[in-house]
Every structure is written in structure tokens, then in C-alpha cells.
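Paired with chain B in one complex and with chain C in the other, chain A is shared by the two complexes that follow.
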Partner chain A sequence: MASSTNTQNAEPLRRDDSTVLSRIADNPWPAARWVAVMGVLVLLELGALLGGFLNVVEALLIAVTGLAEVTVGLVSSSLAAGILGFQQSAASTLSGLRADTEGIPTLLSRDVIPNQGYQPGGTGAWEGPFLGLEPAYAWALRLVLVLAYALVLSYWLFRGWLVFREHYRQMEWSPTDDVVDKLRTHRWGQFGIVILVLFLTMGLFGPAMGPTTVEQNILSPYTEDSRIEYYNAESGSVETVFAGEANFNAKSIGSQDSNVGPMTYDDYGRFHPFGTLTNGRDLFTFMMGGARISLIVTGIAIGLGTLLAGGLAMVSAFYRGSIDLGVLTLADGIVSVPRLLLLIMVSAVFANTWLGNILDGGFLLAVVFGLTIWPFLWRAVRGPALQVAQEAWVDAAKSFGQQPSIIMRKHMFPYIMGYLLIYASMSAGGIIISLSALSFLGNGLGISPPTPAWGRAVSLGQGLVSGPSWHISFIPGAMIVLLVTGMNAFGDGIRDAIDPESDTGEGGETTAAGGGG
Partner chain B sequence: MASQSPPDADADPSADGDMAANGEEPLLSVSNLQTVFYTDKETIYAVDGIDFDVKRGETVGIVGESGSGKSVTARSIMGLIESPGKMLEGSSIRFDGQELTEFSAEEYQAIRGSGIGMVSQDPQQSLNPVYTVGNQIMEALEVNRGMSGEPARQEAIDLLEAVAIPDAARRLDEYPHEFSGGMRQRAVIAMMLACDPEFLICDEPTTALDVTIQAQILELLRDLQAEHGLSIIFITHDMGVIAEIADRVNVMYAGEIVEQAPVEELFADPKHPYTRGLLEAIPGRTEQGEQLRTIEGDVPTPNAPAEHCRFAPRCPVAFDACERIPPQPVTVEDGDEHTASCLLYPEGETEAERAEHHRAAAGERRRGHAESGGEP
Partner chain C sequence: MNRSIYLLKRIALALPVILFGLTVTFLILYRGPLDPANAILGQDAAPSDVRRLRVALGYINPDGSPVPLWQQYYGVMSDLLLFDFGNSWAVQRNVSVASIIVSRMPATLWLGFWSVMVALVVGIPTGFFAGLRANSLSDYVASGGGIVWRAMPNFWLAVILAGSLTAGGLMSWYRHFPCGPNENPCAWRTDVVTTPSEVSNLFSTIDLFTGVPVLEMLFIPVPNGFNLLIAFKWILPAALVLGSASMGNEIRIGRTAVLESINSKYVETAKAKGLSPRRIIVKHVGRNAAIPLLPVIMGEFYLLIGGSVLVEKVFSINGLGNLFFRAIIVPDIPVVMALVFIFVLINVFVNITQDLLYTVIDPRVTLEDTG
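Showing the complex of A and B:
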């Protein structure tokens, strides 16, 4: 308590000249504790985090250079070729780096907790899996640890903000505090956050979560690295086989004798948490791989769409008149084009071109999604932007001669950011559904095979839903539903948290939660 | 009220007399300013052909009821008229020898702030609530004087002190909601002073404030004017405030200036029936025990070019000609400082002569506009 009076006395001074760093130097312990734990958390999974980070960097690099390429390509094809060359070399460097990061020891990896193995003699202890456990348990252990790690890491990041707020922030209160406090009692929003975190985890740590890898099981099952050892009951010895060959004998095609359902083993001692696909590939691994590409495509699309929508909303609110009308007309024009047909057309036109091959076709889709989704976001934020543009402080900034671009960024953007966030998270669900729909249609649409895509799994199992192989369609379908619901819940949560008038509704819940806890 | 104005006149007797005598060009000269708003239903002549000058170091008041076009005048000068509003061809705003109506958006942006500053109607809203007051003053400093970092901070502290905010160094890091209404208005004035303008437009800067704070702000503006040699246009609907601060007054009604006069003369000898009505509505000027007089009715929306006197329907002394002839400014005193747009003047002529006088002047005015580009 003594310290709190001190802070109050010191407040006027602190507000004058201290920076965050100097405040940390004054009172280093809370920060040091947080950093120490964070450091341990990061070290544990350094390889995976770096790998995931490089993945994001690569996607961004491809997105940015890809867009630059298209734009420059309109003017000069040789320049575009130059950019393409740069993109390829940079991407290959990044891939090399990513390969290096796989060498960094990571605690929760399949090297440390392997789940692949065989039972010498057909019974007894397993050779290969972690501690001789059954592959199912070894895999489950790794999965639980990875999920737990991801949740702890997310919490710790949030905790970092709490530490900052409590010890190092100058203001005693900011509107963000209210938003966070409201989210803390908003169960529906929290459900959305958890789903989002799980989805991000699948994207980032997917390779460690599956019982096998996309590389070995799906992309190149016939290379030397893809050999697996298994106990052959007929010959009574341990033999090796290509994963592809094993897949061939582990198909789920709807008949009782040819089906590997969820939570079962195939003839090669491989555990399949979600069963196998019609081509014998592991569905769980497939889902993890699909999560990554969905994440990247949705991210690029929503990023591009939000950028366009936010920028144009501010431009039309600031200038109004004919500029606003022009944007409106453009938006209406874009909305009037059926998006699915446009996607099909673009996919067909660009099939087998370099542009259509970036990110296995995902990049092109992301750009089309981004360019077609902004009118919806723009309509939603134009209203709030118009309102902000009428504020006297915008006039005041104009009357002291501030540039329009800075007025928009500094005096308008903070007020429409919340709306953008809400609408972006709600539209993300729509993009995931459309992406799955394209993959479902197949025939050169959507993410090109063999790269996993959720919609394709649904499509593969379409005819088998009523038989023993129901899992092929049902599980990915349910995952899509869950993810989209989660995204909407996240958006709802933010909306309620940002809206100061939702206070009353939350009040009851707060008391209830308080009583329960 | 009028008795309070002599000290003002004493403060800069030279400014008024000498400059007029030298015939020096006024700092701001507005002539035939017409700002119209096109709506789906009608075209509104919010400002309809007004003329006035502001000399260096002078305070010119614009007074009128709500809806008489005062704020639109201010925004026109600032170049802040937005769609569906438009300044008509033939409008002229000369500032410091430059024709502002011909300026591009970039040129206007450069003149705003460092040339002409504006303190707007609502001090509560003129500061962005998400940034500290210091941040916003420093923003103005950076835009207009290229100052940043520590010098800007120091200058911002000086400015807050100049507008009499105590403990300025600490206040700089506070948010607008931590300021009281009067302090916020001072902060807005400080923000405008940060631009170091030659010319300040104060659009009802004291309307939202209580009377004591109002007096302090007026005092502050007077001091700043003396210190920086500012020219000020002061817009208000409060005759009392006008009496305290203005050197000369323009009375606006429905988009037109109906009377122009030095402040003492206006209060002592108002000529236009509207001005008389406004003055009679001030408590304390009427006889003891008498009911306070009001002007019946509302300001009409000027939705057509003037073909008659817009005040006629509310005018106690209107006659037939008022419905047919748009009155033109007529000199009503010795010298040309005091004019009124009313068919009652020039005094001493018969009704027919006066009507003819105004009809001729109106025709001449219309022809003049047609030559200089004209309105549709």
C-alpha cells in the first residue's frame, strides 16, 4: 500500500518525462518475471515458433511480391519477371531457413515424443513410440501437451499486457480496460477466442499435432524418408514399407472390410485419430495441413479486404460527394458479380500459370476474396467513418492545416478500427466456407491437390456418409462449422465488449459469474 | 453594455483611425460571397452576397440569430465548405492580397492554420479525446512551424501558459476529458495560436461556456490580440459579447448583412429594424417594468435569390415595397462606416424615391455579377 501512495505522489513527475523503458528500469521485477517465463516458453518450442514465424513471413513475402508483380506486370513484363525472380530466390532462402529451424531441438516435437512404431512379435511393448506407449497414447500425450502449451502461451501473452497495465502504464484507466474486462465475463466471446487460438495452433504447430506428417503421408509417400517399419503378422517379422503402399491398404471406402474409422489402427500399426481418407491418407494430418493453408488464405484475404475497406471508408467519409459516390458505385458493381462464379472463372483462367501456382492456388483465391469482400466491410464502416468525419476535432485539424491523409490516420482511424475488427472476424467465416466450397467442387478449383484442403475431404467422403466411412465427410464438415461459429462468436464478443451500451446486459452475468466463482 | 466599449476603442485608437485614413488594404476583404447548398428539395442561399472587410489588428463581429449564415460565412472563408455546399462564381475572398476562392486544395491547406485559424463552435468536441492535449498542440506546431520533440514540447507549455492554464507542464499530458469546459476552450485557442495565424475566426467560442468563463475568454482574446496583432472575426448571437469585443459589427439576417457599423454607433443608434429588435431583446436596455420585447417568428430559410426584403414578414415597419424590392446597403450616417440594407433609407427621401433608389442599386448589383461570371 505504501508503494501505491508513492506512485500517486510521483505521478505528476512520471507523466512528464518517463518512458516505458525508464519505468521498467525503476521497477524491473514484474517485467523480469514475465520475461523469464516467456523466455522459457519460447525456448521450449523455439524450432516450431521460428518455423511458424518463417511460414508467416514467407506468406507475407509472397503476398506482397505477388501483388507487386501483378501491378508492375501491367506496365512492364520484364520488371515483373525480375520481381518473380526475387520472389523465388527469397522464398527458397526462407524455405532453407525453415529447414534449418527444424534442426533446432523442440520439446514438443515428434522426435522427442514419437508415436510411430511396431510391436515385435505382434503383442507386448511397442518399439518406437515414446516410453513404449501405444501409438494412440503417445500421440494423445503430444497433442495434449501442444494444446496446453498453446493455451499457456496465449495466456502468458495476455498476462504480459496485464503486467504492463498494472506496473508500467501511465494511465490508470483506458477504454481498452473496459473492453478486456467485459470479454472476461463474455462466455460466448471466450468460446470464440478459444476456437481461434486452437485454429491458430493448428496452423502453427500442425506438424507436431498430427500422428504423421503431411510430407510423409500425403505429399511424397514414396520417398526413402517415407518408409515405415511394421510387424508383418504373416511372415512374423518386422518389415519396412512405403507410407504410400501402406495408405493403399488402409483406404476407407465405405465397406466393412475396407475402412479405417476414427480412433483405430490400420494394418501397419498406424493410429488414425480421425480415420483415413478414401485414398488411405490420415485424415487428422490432412486436417492439420488444411488448417495452415486455410489460415494463410483467410489471413491474406481478410487483411487485404480490411485494408481496402478501411482506407476507402475514410476516403469516402472525408471527401464525400462524388468520391463517395464513385466508391459506392464501384462497391455495388463488385457486389453484383457472383463471387463463386468469379472465383471459378479466375481459377480456370489462371490455372497452370505461375500466378495460379503460388501457395498451391491459394494466393490467387486470397486476392480474389480480398478484392470482392471489401464492399461489405466498407459499407459497414462507412457509417461510423462518416460520423467521425463530422466531429469537430476533424474540423479543427483541417483548420490548422493538417494533411488529409494524416487526419484520416490519426483522427479517424482509431474510431473505426473496432468496427473493422468485428466485421473482419465475422467475414472470415464466410471466406473459410467459400474456400471449402471451392475445394469441395474440385476440378481445378480451390487449393490444388495434393495440398490438403478441408473442403476436398468433405467432397471425397460425400458418397460414403451413410456407411462406415461417415467420418470422411462428417469430421471436416463439423470442423468447418465449429470454426466459422467460433469466428462469429469472436466477432460477437468484441462487438459486445467495444459497445459501452452493452454494459447492462453484462452486469447480470458478471454478478452471476462472481457468485459462482 | 455600450458603456463598456470605450476602453476597447482606447486600446487601439490609431488602428481604426489611421488605417482607414491611409486607405491601407484590409487584411481580409469579402465581397459578394455567395454560398449555396443544393439539396434534393431546394437550393438554400445560406450566404447570399455579403461584403465586409477586416483590417489588421481589428475585431469584426458578426451577429445574428441561429440560421442566419454566420457559421457558413466562417467556413467559406476557411475553405471548408463541403458537398452539397458550393461557393458561387463571382464570390471573392481576398486575404492578404491573395484571392482565396481561386486556391487549390493544397494551397488552401497551407493557408489554413498559419494564415487563418479557426476556433470552432464546440470546444468540448474540438479536441480528439484519444490524444493528450499536448499531443494535439504539438501536432499543430509540427504542421505549421515544423517543430517537433523537445522544442515543440517547450513551445506547447508556453502556449498553454499564454492562455492562462495553470501548471501547464503537467496539464500537457492530460486528456481532454480531464480539462474543464473553459480550459478546453483555452486549449483549443492555444492549439490555434500554435499555428501563429495572422487572422483568427472565432465561431461562437463562448456560447458553450458560463458567463464568468466567457468573460475570461474574451479577456484572453483581447490580450492575445494586443500581443500578436491578430485580426479577429468574432461570430456570436450574443449582443453583450459583441459589445465587449468587437470594433465593428456586421448584423446578419437570412444570409445577408443587414447593417454594418462601428460598435458604439450600432448600439447607440441602430438603423435597421432588425438590429433594433435585437437590441430591444437585451434585458436591461428596456424601461424598468416593461415587458422584454422579442422579434416574432423565425428566420426564414433563404431558398431563392432575394427578390424582396427577407425581414419584411417580421418587420414592424414594413410597407408594400418591402415585398417587391430587395433592399441594398445604404450609407446612413456621415462617413461610409455605417450602412443599412433597408427601404427606410436614405432618410429624407420619399417612399417612391427610396424604392427607386434600391431598385436601381439592385439592378446594378445584378449586372455587376453577370459581368464577373454571374450566377445561374
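Showing the complex of A and C:
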């Protein structure tokens, strides 16, 4: 094959100072093949991917400007107001762009594979769903296709790294290779990765995965766009109704005659994979919406916490002495106030203020999570950081006159990054649980309604667990258990891959991972 | 280093920690956008009333000028550190915060005690059992259960458990387990979870804040066994939920710790000496496995404090967690400040105890390392 001879030819080039681009130019085939498949994959779902990307950009923008706003606000309130104005205009531009991306045709959307419809005459073929299938099958087909697409896409991204490693990387070997190779035989870790991909898919493609949309079913069920057609058995004709009115008659409130359980239809021919909530909204759609906000909040929190923990661990390991002691005291001080109580306090105090309204209350919580989670991560990576700070290469870099910040970034950070990843993924589970616990408590805490939040669903079904409407509380909690287990499995996998010997002695840190809420 | 000197050093280091926690709480409550006067008097209160209340709460001077923040800070902190918690604003107006807390404490202690016990009694033996039969089917069941148990949110587990106990069906045997004479029919309701009078009586004899009549504690009335059993029945589901995460951790850490020590040289030596398996497990495996378990067990206290808010709310237990939640929603700042102060104190105390315990179980740990 041409590619294999090319690889042979490219071999001598790998250890010199050539750039990645020149190496690709020398041996273009593997890269070209990867890019071609990737291009097809991206084109298929361009609209959804762009929409998801803009969502992340928007969240990041809000996070960064929000932080800047708070810090600047301490000095000058007019400057802070300026930042607020910028934030609002930029965010609205982004939402506009996002609305535009919804116009881009995507293959796996509800326009291509619709699932809502009615049976003219009450029986027989369905009018509306894809290929005249029953709505349940049309929805399941779309769901399976979206999930399969997401798995293929993530595999192909990984494949890209493999291609890079085999053909274009300058180093023949790096420690990351061993970690990845070990993970490829670690079934438990792979389970974690699959679960993570699954939930990330829910966050990214959620609008296409639910049987209906958050917009139509939950946020604005009484607009003209939210009309649905159904077959009215009494009048014997097809009529239209607002989704909100249909919801009103599809409530699950615990009695046999007023319950829409999992995998059933309501009176309007709408299929509910997870049943409906007490207010008749579709639980599956609610869960998809909740996945997005949960993952955004967790992402911001873990990002902030990891950044702080990694930075402070390196600084305290590099300088030691009183700086180390200072960080230790600060960490102890933060840990001494139980996190859930602090979150309840902050959430209650700032409810209904502008700060408490960014990202439906999620932003403030994400910052508090980030500021309170780092002591746990810091304690976990302080050991490895102290170890690496005593290595000969750090000494060598010091005597060479290298700047401390560069030593930390180039010679210490790669070593502690793996440990950070382990504990970050394990703490992420704790954040998910605490976040839903706050939404469960309600009273202005947590994510503010009507934006979906997992904990609120549990709270809505609280009194109905023992009756026919058990699904309202049970399913959201079971999904949280699945996600948290997956995150712990992912952390376990990386830990075993980095250092198979280190299985004990981290009890104090792992307590941060589970429970709590 | 001498143990008492070490202890003094730890206490000295704990002071900034406590101050930090309290300062953060103070800033959130007093500098944040809370308006207690509005919350207490309602939206349509007369301005003169609001003003009088603000003067009384220490927000403004009688002449209308605001009290500077540092002055409020000094007042609040000096009162707290002298254990003068003041009176409640809203939860139980004009009742002293200390007496409210003392009246709520027994329920939380009763819950916390059993959640620690349940986790210990179930978690550690299960972990040891799984470790001793590593990679067998029973190991997979035990450690798999531990993993899922650990990932379950407390509030969800509480909702599911309370719901299934109320419904009967599969769980109906539990109602009859010990059924008191006043329960007719034997039922499960979440609103009757109480502290046995033996435990609450114990508390009424101790006035924590005006001096402790220690002698009276020695004359505890003989507990009525049946009442204790019924109270235990009411508290067990809540305790199981509150201890769930710790139990999962204990299974996990216990298993790996046993695995680690069972393959070590000293266990081999003990076997070669002809020690009985039971003696090996208790003396050589168990003691060494206790070292990594210690932070997990002590970490339970940390989880208990936060978790009690959720569990007490779902099971309608009238304890400190429920009090905290009500106080912050109203808001009743003196109650919140006092509770945070107590929780921070407990945390710091538990941390110091943990480090001291390390030196007791593991003689290799020197006090210099941990300072």
C-alpha cells in the first residue's frame, strides 16, 4: 500500500525540527483519510455541533466576564456595569448566531426524522412520524442514530490522535502512550468513558434526542409554534391544541387514571419514554435539558477548581516553607465550612439578584463549587507536586536560570496533570450530586425554574414514589447514579493506567467524590 | 515532638482556620444582598418600624447613619467567640439561639450516631470480607454494591426509601418490626421520627452554655429498652441514607487495604509461625487496614453535617440540619451564624483528633510529619 511506503519514507524525518505541517506534507495520506471521514461526520451534524459549540462559548464568555465583573466591581461599579453591558450584548449576539445555526439542516434532527403525529381515524397508519412509523419507533430510531453517531464521532476523534501518534508526532514514545494503551484494556475505565460520552451527547444533542423540545414542551408551551395536531376520539376529527393544554391533561399525579408512565402515550398521541412530570411535561425532554445545564455548571466548576488546585500545588511545592503553610491554612479554612451549607447560604442570599440569575443561577454555584473544591484536589496533587519539585530536572532548570513560572508549566505540570485528571473526574460526581441536591431543596436554591434541573424532578415526585407515578423521582436519581458511577469509573481507569500501585491511601480525597448531597 | 506541644501547635493553627470560615460567612450574610428587616416585617411594613428594627438588629445607628461593617464584624465575632449567640430573629422570635440549638441537637446526634454506626458495622466487615475473598463472585457483588451505594445521592435515596416504607408492599414487614403500644395500626410515617426520651432527657439536664453539671450525666436513668428499640426503628432508614456514601467508601477502602496487607511479608511470617487465621486477620491484617480507613471514618462527620440538611428535610426530623435550612430561607442571621460556628468547630476538632489518632494506630507516623 502506498501509505505504508510513505510511512517508511517519513520515518527519518521524525526526530528533526520539522513542523507538524511539514510532516503532514511529506506523508499526507493518513491525515487526508482521517480528515475526509471527519469532514463527512461533521457535515452530517453541522447545525447541532455548531449550536453546541456556541453554547459552550456562551457559557465560557459568561463565566469569564462574570468573574471579571465581580472582581472589577469591588473597585469601580461603573466599570463593572460596562462589563455587564458587554456581556449582555455579546451573549445576545451569540444567542442570535445559535438561532441561525438551528436553520442549518442536520441529518439526525427532528425535521428529518419526526416523531410527532396522529392517526387519522384513530387507528391505522400514522400521519407525521418518519415513514409512518409509530411515534415510539420513530423516536427510538432517532435516539439510536444520534447515540451511534456520537460514539462514532468520539471514536474518530480518538482515532485522530492515534494517526497523529503513529505518523506525525516528533517523539517516538511519550508516557501518555502507556496510559492510553493501558486504558484500552481496562474495561471498567472504558465503561466510564462510554457513560461520559453518553451524557455529553445528551448535553450536546439533547434537543434532537427528546421526543419533544424544551422550548415547545416546557419554556413556552402556549405560543403558536407549540401547537400540536392530534386525533380527537370524541369529535372524530383531527384538531390542534397548545402543548401546554395537552400537558395539563397528561399529568402524572399518582392516581391510576391520571398517570402517564414510562414508555406510554398520552391522550394526544405523544410518546413519553420516561413518562410525564406532575405538571404533564415530558420527563425525558426535561432530563435532556437538565443534562445540559448540569454539565455546563460542572464543567465551569471543575475547570476553575483544577486550575486553582494545579497552580497552587505547583507554587506551594516549588517554594515550600511559609507559602505552603499559607495555602494549607487557606485550604483548611475553606474546608472547615461544610460545602453544602455554604452553597445553600450563597444560593439563598443571592437568589433573585443579577449575580444569581446568570445561567439560571448556575454560574454563581459553579464559582462557589470551584472555590470550595480546590482544597480537595490540591491535597491530592500536593504529594506528587512535592515529589516532582525535588527531581533533578527541576534542579537543572533552576540552575540554568529558568523562570519559576516556566519551570512549573513545562517541567512540573505534565507530571501532575494525570493526578489532577483522576481527582477532577472523581470530584465532578460530587458536584453533580450537590447541584441536584440544591435544586431538590428548591426555595430559590439551585437552578431556577423553569429551566430543567434533575433535582427538581426528584422533588416533584417526592410524595408519589410508592404509587403509579414512581418514575418522576426514580428515573432522574437513577440517571445521576449512572453518571456519577461513570465518572468514578473513569477516574479509577486513569489512576490504574497512570500508577497501578496507588490504590490505597487516598480515602480522604475520595470521600469528596460521592455522597455528600 | 511532645504530644501536648504538638496539640498546642495544632490548636494555634486552628484559630486562623476558624476565623476564616466565620469571616466568609459573615461577609456573605452581612455584605450580601439580604434584607432581614424586610423578611421579618414583610413588604408593606411601615418605614418607621423597619427603621426601628434595623437599629435593633445593629445595621444602623439610632441617628440613621449606617453602622460601619468593621464595627458589625467586631460585634458579631466577639459575641460568637464568647459563645453568646444572642436571640433568634425569626425562627422562634426572641428565644435565645443557644436554647433553640440545644433543643434541636438531640435529634441530630441520635441520627448522626446511628449513621456512623450503620456505616461502620456494615461497611468495614463487608469490605474486609470482599478483600479476603478477592475476585470471587461475592467480592464482585460486595464491591459492585459499594460502588453504586457511594454514587447514590442522599436526597434521592431518602425519597425512595421513605416512599417505599410509606407504601408498604415489599417493605411492610418493617412497620411491624418493633411496634410500640401507641402505634395503632403499625404504620410508617415520616413525621414521627423522634429522639428517645432517654436521649433528650440527657440533654435537658446539660446546660451546654451556662455550665455543665457533669455529675448529673453520671445518673442517667436506666433506658427503657423497648422505647429505645422503637426509636431505633424510626431512625434507621434515615441513618442508612446519611451513612450511605461513607459505607460505600468503607467497603472500597477496606477491601483494597486488606488486599494490600494480606499479600505482605509480615502476614506470611505470621502464617509461617503457625498463628491461627482469625488472629492473623484481627491483629495483623485488620490493624494495618485501619490506617487508610481512618480518614474515611473521620470524613463521615464532614458528610454528616452537610447531609443532615437533606436527610432531615425528607424524613421530617426536627434537628439542626432542618433548623439551618429554615433559618437561611427566612433569613434568621444569628441562628445561621451560630450553626456555622458550631459546625466549623466540630470540623476543626475532628481534624485534630484524626491526626492524633494516626499516631496511636500507626507508630511510624511521627508528629513532625503531620504538623
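Convention: the second predicted complex is superposed on the first by the 484 of 517 C-alpha atoms of A that agree within 3 Å, B and C clash if a C-alpha of one lies under 4 Å from a C-alpha of the other, contacts with A are read in each partner's own complex, and residues count from 1 in each chain.
Definition applied: contacts are C-beta pairs under 8 Å (C-beta built on N, C-alpha and C of every residue); 3 or more make two chains touch, one makes a residue touch a chain.
Everything quoted here is computed from the prediction, not taken from an experiment.
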For this session: Superpose on chain A as described above, then tell me if chain B and chain C fit or clash.
Result: fit
For this session: Please work out whether A:345 is in contact with chain B alone, chain C alone, both, or neither, and reply first, second, both or neither.
Result: second
Exercise. Regarding the shared-chain residue A:477, is it in contact with chain B (first), chain C (second), both, or neither?
Worked result: second
For this session: Using the superposition on chain A described above, determine whether A:403 touches chain B (first), chain C (second), both, or neither.
Result: first
Seminar exercise, completed: Rounded in steps of 10, the angle in degrees at the Cα centre of chain A between chain B and chain C is 80
For this session: Pick one for A:462: touches chain B only (first), chain C only (second), both, or neither.
Result: second
For this session: For A:433, select first, second, both or neither according to whether it touches chain B, chain C, the two together, or no partner.
Result: second
Problem set entry | If touched residues of chain A are counted for chain B and for chain C, the larger one | C
For this session: Would you check which partner chain A:335 touches, where first means chain B only, second means chain C only, and both and neither mean what they say?
Result: second
For this session: Once the structures are superposed on A, label A:443 by its partner contacts, choosing first (chain B), second (chain C), both or neither.
Result: second
Exercise. Thinking of the overlay built on chain A, is A:392 touched by chain B (first), by chain C (second), by both, or by neither?
Worked result: first
Exercise. Counting only touches as set out at the top, which of chain B and chain C does A:21 meet: first, second, both, neither?
Worked result: neither
For this session: After the superposition, pull out the minimum Cα separation from chain B to chain C in whole angstrom, please.
Result: 7
Problem set entry | In the complex, chain C residues that touch chain A | 13, 16-21, 24-25, 28-29, 32-34, 147-148, 150-157, 159-160, 162-164, 166-169, 244-246, 248-249, 252-253, 256-257, 260, 292-296, 299, 302-303, 305-307, 309-310, 313-314, 324-325, 328-329, 331, 336, 339-340, 343-344, 347-348, 351
Exercise. Which residues, counting only chain A, touch chain C once they are in their complex?
Worked result: 329-330, 332-342, 344-346, 348-350, 353, 429, 433, 436-437, 440-441, 443-444, 455, 458-459, 461-467, 470, 473-474, 476-477, 480-481, 484-485, 488-489, 503-505, 507-508, 510-511, 513-517
Problem set entry | chain B partner contacts - residues on chain A that touch it in the complex | 12, 15-16, 170, 320-322, 391-393, 395-404, 410-411, 414-415
Problem set entry | Residue ranges of chain B in contact with chain A within the complex | 78, 80, 82-84, 109-114, 116-118, 120-122, 125-128, 130-131, 136, 139-140, 143-144, 169-170, 173, 188, 191-192, 194-195
